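Both complexes shown next keep subunit A, but they swap its partner, so subunit B is in the first and subunit C is in the second.
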Partner chain A sequence: MEDNKSPIMDRIAEANKAATTGIDAKDIKNWITIHIMGKAYKVPADLTILTAMEYAGYKFVRGVGCRQGFCGACATVFRKKGDYKLQTGMACQTRAEDGMYLVQIPFTPAEKAIYDITKEPYEASIFIKYYPEVTRCVSCNTCTKACPQDLEVMDYVQAAIRGDFDSLSDVSFDCIQCGLCAMRCPAEIVQYHVAQLGRRMFGRYGQGVPDHLRKRVKEITEGKFNEEMDKITSCSTEELRKIYTEREKEPE
Partner chain B sequence: MAELKYIEGYPENIRKEIDKVAKTRDKRIDYTPPAMTMKERDEVLRIHPDYAPGGKREIQVGPNKGNLAPNEVADLLEAYPLIDQDEVNLSQVDYDTDILIIGGGLAGTSAALWANDSGIATERILLTNKLRHGDANSIMAEGGTQAADREVDSITKHYIDTIGGGHFENKPDVARALVEDAPLIMKWLCELGAIFDREENGDLAEKLAGGISVKRMHSCRDYTGLEEFRVLRDEFRTREIPYLEHYPAIELLTDGERVTGAVLWNLETGEYKIVKAKATIIATGGYGRLHIRGFPTTNHYGATFDGVVLSYRVGAKLRDIDAVQYHPTGAAYPIQIVGYLLTEKLRGSGAQPVNADGEAFVYPLEPRDVEASAIIRECYVRNKGIITPTGLRGVWLDTPLIEIKNGKGYIEKAFPGMIRMYKRYDIDIRKDPVLVFPTLHYQNGGIETDPSGRTNVDGLWVAGEVSGGVHGKNRLMGNSTLDCLVFGRRAGMSTAEYVKSHGDESKISLEHVKKYVKNLEQAGVKRTRRAPIILPDYRGKAALARMIDVF
Partner chain C sequence: MNTTKETKSKSAENMKFPYYPGCTLKTTAKNFETSAIATARALGVELLEIPRWNCCGTVFSLAQDDLIHHVASVRNFIRVQEMNDYGLVKNENRLVTLCSMCFNTLKSTNRRMKDNAEDLKKINDLMYREEDYKGSVEVLHFLELLKSLGYDKIRDKVTKPLKDLKIAPYYGCMILRPKEIAIDDPEDPTIQKDLLEALGVSVIDTPYKKVCCGSYQTVKDKYIVAELAYDILSHARKKGAEALTTVCPLCAFNLDQRQQAVKEKHPDFEEMPVFYITQLMTIAFGLNKEVYGFEQNYVDPKPLLKSKSLIED
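Entry: the complex of A and B
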């Protein structure tokens, strides 16, 4: 190996070029055409909607966040060629397909209720109090069909109405709060806000603080570990290395 | 070239390779390669991107002049500002606040909540975000949060694991704060209503992870950061604390010595806003989008190092800025998800790295730098990796082992995010392994602080990934969300104390920027680079080549 070079690093960088610097047309074999808000663009075949739009020349300041399906910033509505269905997805998680027509919905106008969960009773009435529109649910299931996470959205709205916090939390847990359910709901329910309230109530009252955690916090407050910590933080690196190397590992 | 034929998500030739993994699986159920000795670790670390030659240089200007930094980092520290002092009118203040928080991930959001809890009125706090509130690496944390809250565990054990993982270079006082506050943070989250994985008796379910000696990893399926964050954001909005979105900070303001606010910039309209503040907390996260050494990244779109760039110009000292964390297991296939995170919790739950011959070649829970190096060695030195259709190399992460060890249905329950990500490309991680290769994950170092998050510059606090010291040269899994929550809290409380004893008579100016520019000129830095870069650029080369600006 030369002093200032690392052939391995160069090979790794070269192999990852497309993901780190933008795509060069000469590296692409297969192409498709997509229609971004009605305008046609020829883009490489193996891209997501997000990266296809970037290839086309968009530099995002809206409608993009984590790029990996967690943040809900890149909600997108699209139709495929020859299909009557209006579909939804996250731009970063949906493959661009030939003939797709699409538009992003980077923002959902929605009201979040103001509440203090420490002062609310753990019962169904909380949903009627803060989100009375949940009772307008007509069980059409459009929210479920719109969910890019494939959650059973209507089921958790029904769980909210019943006051079943446990089931609401379980069914809604993977929600990324993109807002597509609320945008499609004919009853104008803001499902993801309803779920957020329900989950916090379940976390606080249904699960609570376990005894072992309460006990440990008390021990720390009382200074149980102070002496031990004083000692260990004043150890030399050599001593620490020894303690580290000899420490026991809890079996799996 | 003929079209590739795909069988359940994999091209035919790779499908054949999978058979080799399946064949040795039975033998590997009860076999785990031994953990490396310290000597073996040192040996393999030589091909880690952080130690392989050619990646770093000395910083030419500022408080850390002469220290080594990755080239991409040095480039941004040695860059000219976006705005000229004379272009900005500082006489019109748009927001006058007590505490300005820049960056709204877990760290910034908890800082706001704890400042409020410490007696600062909501309207005296302002949180500004480059993108939306919560577009941050925090929400992408899959694996968990460490806290020593089981009877068999102790704060001391958590401390030892943390500094061993950090190569004994951690700053002891902040590392101590991290582990001592951890159980308290867990209790706070439970009380706010965060839903953690539980045992049947209601105890918190806890797992092992790389470099950790006792089970203390708390998780929320594989959406840990998301769950923690959305609970905090809900509480934040419920208290109606003021916040701005799509308003990155492009420069800090000072009165000559103290930080006294910032210049914000409307990402959509280009208009700037002046914020005057008694105390400023930087919680802008890390630098994955700098693609150090050409690696793909697990980081969100806005992870561009802005907070360090601005703080460095006001004189904030950095530490351990040379240490970059590469997560051992980023996706290497399919091309659409290259670099995305495959949580360490997968290995914590029994998934093994396996080479092209179907051999388990490394202890699955080495510290991240060691594990990453072992995978690079397998692919590029021993040539026992798998080559993908786009020319990337990777090794297998044998996910089906998880259900053999934990029972059927476990993956669906514990890793819904992973199942979903691969299902979109017709791959079932319960049946087939996945291809992995290290990916740029975390900024280990950053701005130095005391245990309250205070920097060496008066009026300036930092919290979260932007800070340095707590993780030494290498962060352990489960210590990043914890870092954000612990030091967000401490910075919130500390700034609350500070502003009570400081009036708002101080001046705002950009004099420090002028000085910094002078330093750059004296050092002979050419005017080719400007920073902060705010967002990366992935536009297609063909489109860029024909772009003209006519407005």
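Entry: the complex of A and C
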């Protein structure tokens, strides 16, 4: 495959190597034992749950993504040695500890409602229509405790129930859709889908169109960027790569 | 300009109460909230919405071992403690509610927590991230707050006496039953009558004032509710009433919106407006018409009020 040789694929392959690749086991001083799906593995200390599992031999195809704590793909649940609490986190952001019991949650099974926000009233009833289980919330706050982003998840579910789109959008803004709230909810609410519906409605009806966006859309429709677009779309791959690498960057 | 100044200086001295709205008052009963807050302000009372409140739990669970359904109410009591801790209110543990259903759920839960230290401990343990609920909150219905201010004070605020209006107060169940949490005599309540009389209303008494409206049966079968509403409304009409008052958004829905279903079954039925009692107060106090909130009433009460020259348009 030609693509496998491209620099981008090399970078992805590099990023997916275990953190200890190229280091000899005898040079590693500190080791811990972790239990992955019930089986004990000796792995170097200092790894994240994700890299520790990779060291143990697991290869992730799903349930891994940006490795930077942003994408929400590597949701994980674990218990620590001697602690009854079931804990949650992102595997790429949580350090593996001696005696941990681990498993990955590559996906949260949940139905995603299909709706057309242009045809819905801007009212609390939209949540009851598409996610009626929100009204089963007993305010136990388990969702909030599960959130790796430290969001006040219960508060935004409550905001949804009373149709407070503004507060819902504000509180849920940093959601990475990992689904851990929904996995833990005793009322079987799918909080992250509810929040997305709420933010979409708020974006359309609550916020209004900002001036800078209105201005830019006008410029585009008037053809301000047509010439440059034509230039770019007629470039060869090589020319395009050159333009990209030599582009003006924002200061770091 | 003078009036603005006056209102401002007065609001600085206003008594501040933690206020629990509930979900319905933010959706289908906005008019109840708007009219109540405006009325309270006119009487020198500021209803401060408690920060980060959550649903009360909607119904008080009667099962002995079902503690999880009391968590929601207790969490709200913790918010009241926090309001005191942060100085939003000063030593004010009386939590004011408007919705009858929320009142019933909150007060019943509070009673159980105060009477049962073990239940309270279990709930506090579950909510280990919150400060403990210490059992110091007192749940108050807005009608009780008005009563405690004194009907003379209310009478003094009336600029437009409602003397030509014939109103039958309707109580429903949630503020009267069980009797341990009732705000008035559960068999013969007068708290709405006393308030309405202070507004100058000709109060019509009817034995149907505490007959159940059908409550949540309205979800299952609207005609169960329609029959009850028919009895309640037509009896009031027979006694000479021109409208009903309530303090419960569910009763209001069943007695007002469900008149459509009543008409399907009883074509001769004549519609009757159903007010939140605070809506009548806004008119009697001569407040701005923006706080009346009649757009959310199903049966338009404006023709009746216009016929008595109480509103202009």
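One rule holds in what follows: the second predicted complex is superposed on the first by the 189 of 252 C-alpha atoms of A that agree within 3 Å, B and C clash if a C-alpha of one lies under 4 Å from a C-alpha of the other, contacts with A are read in each partner's own complex, and residues count from 1 in each chain.
The rule is simple: a residue touches a chain if its C-beta (ideal position, glycine included) is under 8 Å from a C-beta of that chain, and two chains touch if they have at least 3 such contacts.
It should be emphasised that the depicted structure is a prediction, and the values quoted were computed from it without experimental measurement.
For subunit A, the partner with contacts to more residues, out of subunit B and subunit C, is B. When the two complexes are overlaid on their common chain A, residue A:V77 makes contact with neither subunit B nor subunit C. With both structures placed on the common chain, the touch criterion links A:M229 to subunit B but leaves subunit C unconnected. When the shared chain is aligned, no partner comes close enough to touch A:A45: not subunit B, not subunit C.
By the touch criterion defined above, A:I105 reaches neither subunit B nor subunit C. In the superposed model, A:K249 lies in contact with subunit B only, and not with subunit C. Subunit A contributes residues 1-6, 8-9, 11-25, 29, 43, 46-48, 51, 54-62, 64-71, 73, 93-95, 112, 114-117, 149-150, 169, 173-174, 176-177, 196-197, 199-204, 207-214, 216-217, 220, 225, 228-229, 232-233, 237, 240-241, 243-245, 247-250, 252 to its touches with subunit B in the complex.
Listed in rising order, the residues of subunit C touching subunit A in the complex are 23, 26-27, 52-55, 57, 68-69, 71-72, 75, 126-127, 129.
Interface of subunit B with subunit A (complex): residues 1, 38, 47, 49, 52-55, 131-132, 134-135, 137, 139-140, 147-152, 154-157, 159-161, 163-164, 168, 172-173, 176, 180, 183-184, 186-187, 190-196, 198, 202-204, 208, 213-215, 220-221, 223, 225-227, 230-231, 234, 237-238, 240, 246, 267-268, 291, 293-296, 298, 300-302, 334-341, 350, 376, 380-381, 390-393, 416-417, 420-421, 424-425, 535, 537-544, 547. Considering their complex, residues 123-125, 135, 137-141, 144-145, 152, 154-155, 158, 161-164, 186 of subunit A touch subunit C.
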